[in-house]
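The structure's right below; bear with me while I get my questions together.
Each chain carries a letter (A, B, C, D, E and F) given by its place in the written order, and its residues are counted from 1.
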Amino acid sequence: MEDSYNKAGVLVQALPYIQRYTNKTIVVKYGGNAMVSGELKDAVISDIVLLSLVGIHVVLVHGGGPEISQMLDKIGKQSRFVNGLRYTDAETMDIVQMVLSGKVNKDLVSLIQKKGGSAVGLCGLDGSLIQAKKLEEPGVDYGYVGEITDVNIAPIVDALEDGYIPVVATVAEGVDDDCCYNINADTAAAKIAEALGALKVVLLTDVRGVLRDAADEASLISVIRAGEVDLLKRDGVIKGGMIPKIDCCVNALRGGVGRAYIIDGRVPHSILVEMLTDEGIGTMIVGDKDALK
Amino acid sequence: MEDSYNKAGVLVQALPYIQRYTNKTIVVKYGGNAMVSGELKDAVISDIVLLSLVGIHVVLVHGGGPEISQMLDKIGKQSRFVNGLRYTDAETMDIVQMVLSGKVNKDLVSLIQKKGGSAVGLCGLDGSLIQAKKLEEPGVDYGYVGEITDVNIAPIVDALEDGYIPVVATVAEGVDDDCCYNINADTAAAKIAEALGALKVVLLTDVRGVLRDAADEASLISVIRAGEVDLLKRDGVIKGGMIPKIDCCVNALRGGVGRAYIIDGRVPHSILVEMLTDEGIGTMIVGDKDALK
Amino acid sequence: MEDSYNKAGVLVQALPYIQRYTNKTIVVKYGGNAMVSGELKDAVISDIVLLSLVGIHVVLVHGGGPEISQMLDKIGKQSRFVNGLRYTDAETMDIVQMVLSGKVNKDLVSLIQKKGGSAVGLCGLDGSLIQAKKLEEPGVDYGYVGEITDVNIAPIVDALEDGYIPVVATVAEGVDDDCCYNINADTAAAKIAEALGALKVVLLTDVRGVLRDAADEASLISVIRAGEVDLLKRDGVIKGGMIPKIDCCVNALRGGVGRAYIIDGRVPHSILVEMLTDEGIGTMIVGDKDALK
Amino acid sequence: MEDSYNKAGVLVQALPYIQRYTNKTIVVKYGGNAMVSGELKDAVISDIVLLSLVGIHVVLVHGGGPEISQMLDKIGKQSRFVNGLRYTDAETMDIVQMVLSGKVNKDLVSLIQKKGGSAVGLCGLDGSLIQAKKLEEPGVDYGYVGEITDVNIAPIVDALEDGYIPVVATVAEGVDDDCCYNINADTAAAKIAEALGALKVVLLTDVRGVLRDAADEASLISVIRAGEVDLLKRDGVIKGGMIPKIDCCVNALRGGVGRAYIIDGRVPHSILVEMLTDEGIGTMIVGDKDALK
Amino acid sequence: MEDSYNKAGVLVQALPYIQRYTNKTIVVKYGGNAMVSGELKDAVISDIVLLSLVGIHVVLVHGGGPEISQMLDKIGKQSRFVNGLRYTDAETMDIVQMVLSGKVNKDLVSLIQKKGGSAVGLCGLDGSLIQAKKLEEPGVDYGYVGEITDVNIAPIVDALEDGYIPVVATVAEGVDDDCCYNINADTAAAKIAEALGALKVVLLTDVRGVLRDAADEASLISVIRAGEVDLLKRDGVIKGGMIPKIDCCVNALRGGVGRAYIIDGRVPHSILVEMLTDEGIGTMIVGDKDALK
Amino acid sequence: MEDSYNKAGVLVQALPYIQRYTNKTIVVKYGGNAMVSGELKDAVISDIVLLSLVGIHVVLVHGGGPEISQMLDKIGKQSRFVNGLRYTDAETMDIVQMVLSGKVNKDLVSLIQKKGGSAVGLCGLDGSLIQAKKLEEPGVDYGYVGEITDVNIAPIVDALEDGYIPVVATVAEGVDDDCCYNINADTAAAKIAEALGALKVVLLTDVRGVLRDAADEASLISVIRAGEVDLLKRDGVIKGGMIPKIDCCVNALRGGVGRAYIIDGRVPHSILVEMLTDEGIGTMIVGDKDALK
């Protein structure tokens, strides 16, 4: 009886969050360990289906680095990285497209269906959803790594209105040529969130969030204001792979997204805990004038 | 962290129930202690708002015996009961209408609004929602106690479609005269559920459910099939005030309602526990061919 | 034959008025003698149903002073008035809510239904329709008499769109507390008309309209421009209980309502005569630039 | 004041009729003297606009014999009649089409617009509204006089749904050839009423209705049941030009139209009197089981 | 096989035009020889039906000078022209209305229906589509020749939305009187195109287009910019009957129409060739900043 | 000029076909040489975009055998065929899914977008579109080759209603397990056509159609009735790889599809020629009672 009462309490605690988010759009970037472990994958997909069920419009954006590397291995091709980005020649691009749009994407769709949700798998080519040009940097060549030039939200909005969870693989249509481009999934999630005017963008990662002391998980910074980011970078608190993630978040906020989150994909149901309970378990990045209510 | 994980677990456990009930209609008869205690009232209303929020169409039907008696006391009129029914003369009928439609009903509406829900208060007169004639029994006169002749679901359906939780006071329009009639709330809930083709009707009571041994709460019968009811009556397991409640339930099932529940309004959030967790805490009455899945 | 011809003539005379008002909103404040006499009540409700039938969106706002006093008498409580307003302590407020929302309101709804119309009864608590705070005046305490802070038109608009005549009891939700407030019905009608952007607000009263000479009904002033009101007050033509009524009207006009009317509820079908025939039978208050066509 | 009261009474008397007919379809065949006299034409059109305004779907079907004869005169062509039907050679057919669809029809449309209604003028060619074949009778040739083979209600329904009063000239499309056919307007009105599932069909004529004694207008038969018609024909009560009119009415009733009326177009506003007052002024033909309520 | 391939090529060539024009509105003014020859009429109507079928909203505006003259002849009345406009006395106006709205218009409607399209015939009186006043010029009287004062697009838009091709006869409602007015069809087409915000207006004529050398069809000017028109008039290239046509076109462009065309109605399917193939066969008049893509 | 006229003629010839097929569904199975040659691919996609543009609902179902074999080669795995079907072990199934859903499918989508159409790429996993179980045959094991158990048309219908051309890769969801299945594209196209109630299913192949004499292309059989198929098989006219194709067609016809076509994908624009011109260039399989009009 005690137990029943506690369960009801958790549900009741979720009430104000559901009220606040219902009919709002949340873009979740899914990647890392949470995509590798079967158990974590199950938990993430359950979370997504539940959020969708209580009336939140969830868009799932994913990468798939390990699966790509594995496939390249299979065809005897070495993965090569330049400044942390996969160098993508034409043959690699074909593999990227196949693995992301054909394997990772459709497997996620299938899992959502098996869990009672309803999903369709899209990539940037469907309805010209993501348009990109070659990422140009002086003195560096990344091959077919692209920079997003435009997001056409129609296919996502149509899928949401038809009652599906859109699952998006980050392969883009070349805006100036007939090529496809390989797009960073964090960036794509942030840009899509911006284009949709989403309430939130959530990046699932393999760390607790932003830690003041990298060695101490208890030093997690729960809230960072956009205006503090530069200082935190200068102080070395935001560093390495966290820098581009935080930059995505700040750009999304500047583009009108309500709040951005970096949360730990290694914790089961971290999305649900962050979204529907009083606990916050990662780092939330907010605008400078956000009243934090 | 452990705690967060458990909370998420409860939410995930609710997932299949929400999936099954979303866009379905559930009629809840609200009365007894759960309506007297402020704390229980808060819990019931939270449950109703939450169910409504996750996409279930909840209709709240209520009585208000104690409030009526209290008001009659105030005007110096003795409450009188015949065979367990309030004898309702013209003056009493006026008080019944006033207290149910004007006080209890609108207070519930107001509480739902305060908890973030959206509600409108209706009685059987609004849009001719409940039509009745005088309850006739040989050798007995109950005054303006009515028997339902028809339910016009339009005002309830309109309210649901407009996004409101309809709260219904059980005062009926006389179908053959210009009088109003006092209607038993359990019966009204069951008839409304039937007219709406509801998935479930839930009667909140002041007991644990149907007990095999009235002295032992542990002897609760979790599931009763409609076909077993006669035997249980003969054996004295179903007796007294439980008889008309079970009869309402069986009639509702015969009229097409999916399942009927008698649950304990004295347990906080008993509606939520019954509806959205794996625990069943009251007695469920089901059709003889119900597969119990 | 002559008679038929005349009848047709009356109908044809109504044509341009119906054309002008169809799909427009008219708020009628119903009170006084027209609510006490059964015959007048019948006539008013017939008028309302007819207006509704020819495509006019009618909202009926009502008070119920005599019924409240009568109920207070029954419980042995003295009605007390301060500056013409009923002093409303907590116990009185309960009675006010009960009588207005539960008795007067639902009886009107029932009468409309009996006359072939379709109605739902609302009060300020339904969907937070009328929000109010305590009416504060230096040195005076009116108890739970409220001043409107906001009108949420959604429940009225929903009811109109669903084909019902909304009947509104003027009990308000406390915007800062959990109390209910007693609201003057003239003011509520005017505020609701303003919030709805109504074409007209009509106050049914127990006088012919504004009379230049109070003793002579023939001295009725048919049209008053908003700009003339101050002068008419100074000259003592507008005085006593007429002052707050005219003020309501002027405020409604300033808030965008097309025209305001003070008409005689003691004359059967005065609403219909005023609205659908060439005769004007009361006082019309219009904006200073109204072309009077 | 007395007068105002009487006016309101007439309006109130119309209430139940409006309630009964609102959103129902009434087909009016307009012809004869009511189309020749300017004053009567004004009255008919006012009636039509009023009926339309109170929510009745009115379809106006018209002939135009005198205008056709006049135009034939102008081109020096003799009108020739066979068994009461205009013999229609190719040249005559052109004139019929021009006069009916181009002159009479559009003049009626224009008059409705001037009176504040909204109308479009159609003929049987628009959207293949009326399809016909040559009327064949042994030993007789009527030329391009047609017999209706099919009514395509789409253009009428579309016009009604768009808010227009459809005005229909009875020129038909040849179903087997490229010719046009001249159609009797009474028949067309009855067939259109049948195809629309209309509540009523009303034939405006130049007589009081069916008279038991042709010389005595007071001998008007108010109600004729379909089953009585044969007897009335045998007795010579229904005779001459009244026979085809009554036959149209009976066919319409058999085809599902609720009631048929033959009323006097020479009486101003006879349509309104028949439809919206307690007086019936012509002959109503009803089904044998019509309860006459 | 070769032939099949070529046919497919033509269809594929039409693809980008259809893409560009689908759901756009094109107003075609139909008159002259293309309306006299049966074969050309067939071709024009086929073109119109095809354009409509591929999703273009076509509005067909027509005159009918020869048919009017012919009818006037029949009644023994001489056609009289003043400055190239038909002097229209009251009797002539009746004939104009009859012939245009009743004969030419409905015959076109019938032909569209026979070719598998769907059409309704309107004139300026239907729904007050074209409103006009007497064309006043100092020292000249044209009788009932009108100048358009307003176009009410509702009847055209309603017809298009209901899936019909609206066919419009250019008879107008008098805005200040009860008269009808005779309107030049080129002007009407241009004004209607402007009111509809049409993509294109196309005037079918009896010449190749604007020729630099009237004697040499090969000297056709394919594109004229609005800004060049004055010069071309001054140089005598645009002259005579071409002047008012070009003026209509320029006015339409100034009023927001995309492009205007003067094409040769004597060439079968010239509309289709101009609209759906790479060939342009007439003169296109465009805005000064039109990028000509 | 001559040429323009001919072009218009082709367009006009397409008119009745477009009329007949507009808003109807046509399923095209795309495969073989037409998918290998860039030029043919361009032609097929142009055809599809054009059909879609003129209002036909086109669904494109594709296989991709050569691309799969090529990828298997790359990872050093031998393609193995059993009874003409690819033996599909788990590793092969992964490659099949990747190549079909991720590469071939999305490349087709991208090409449609580049040609001005609008497309989304689906596979049988999206919205559980194609459900299958293991294809069981006595004594043979095909691995993950599936047999369709159900087609859920919702994702296709949603895409069509949203204005997209659905492009479908024939990978299916396991109905009894968590596996994916490899489905024959001809069968999938036929089953999808049946589930959609399509007007036509078109199989693009690498032969002219069914030839009476395999060595003589001129011996093409233009029309085969379902009832003749058995005889043609017995006579050896239908043989080898043509047998399963014809069987698919016959099953589709039995399931309610209007007509089935086997046409030559090696001829450019063969779809357009077959659909929109008077020429038929392949073999049409029709029901036994098809009137062949």
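Please note the rule applied: a residue touches a chain if its C-beta (ideal position, glycine included) is under 8 Å from a C-beta of that chain, and two chains touch if they have at least 3 such contacts.
Everything numeric in this text was worked out from a predicted model, so none of it was measured.
**Student:** In terms of touching chains, how many steps apart are chain A and chain D, taking the shortest path?
**Tutor:** 3
**Student:** If you list every residue number at the chain D and chain E contact, are more than half found on both copies (same) or fewer than half (different)?
**Tutor:** Interface between chain D and chain E is built from largely the same residues.
**Student:** Among the chains, which is located farthest from chain B on the basis of C-alpha centroids?
**Tutor:** E
**Student:** Give, as an integer number of Å, the spacing between the C-alpha centres of chain C and chain A.
**Tutor:** About 56 Å separates the centre of chain A from that of chain C.
**Student:** Using mean CA coordinates as chain centres, what's the chain C-chain F distance in Å?
**Tutor:** Measuring from centre to centre gives 69 Å for this pair.
**Student:** Can you list the residues of chain A that touch 2 or more other chains?
**Tutor:** Residues of chain A touching two or more partner chains: there are none.
**Student:** Examine which chains touch each other and state the graph shape they make (line, ring, star, complete, other).
**Tutor:** Contact pattern: a closed ring, each chain touching exactly two others.
**Student:** Record each chain of the ring in the order reached, setting off from chain B and passing chain C first.
**Tutor:** B, C, D, E, F, A
**Student:** Under the stated contact criterion, what part of chain E meets chain D in this complex?
**Tutor:** Per the stated touch rule, the residues are 71, 74-75, 94, 97-103, 105-107, 109-110, 113-114, 118-123, 125-128, 155, 158, 162, 164, 171, 173, 178, 180.
**Student:** Touching chain F in the complex: which residues of chain E?
**Tutor:** Residues 1, 3-16, 18-19, 22, 43, 46-47, 49-50, 53-55, 116, 267-269, 272-273, 276-277, 279, 281 of chain E touch chain F in their complex.
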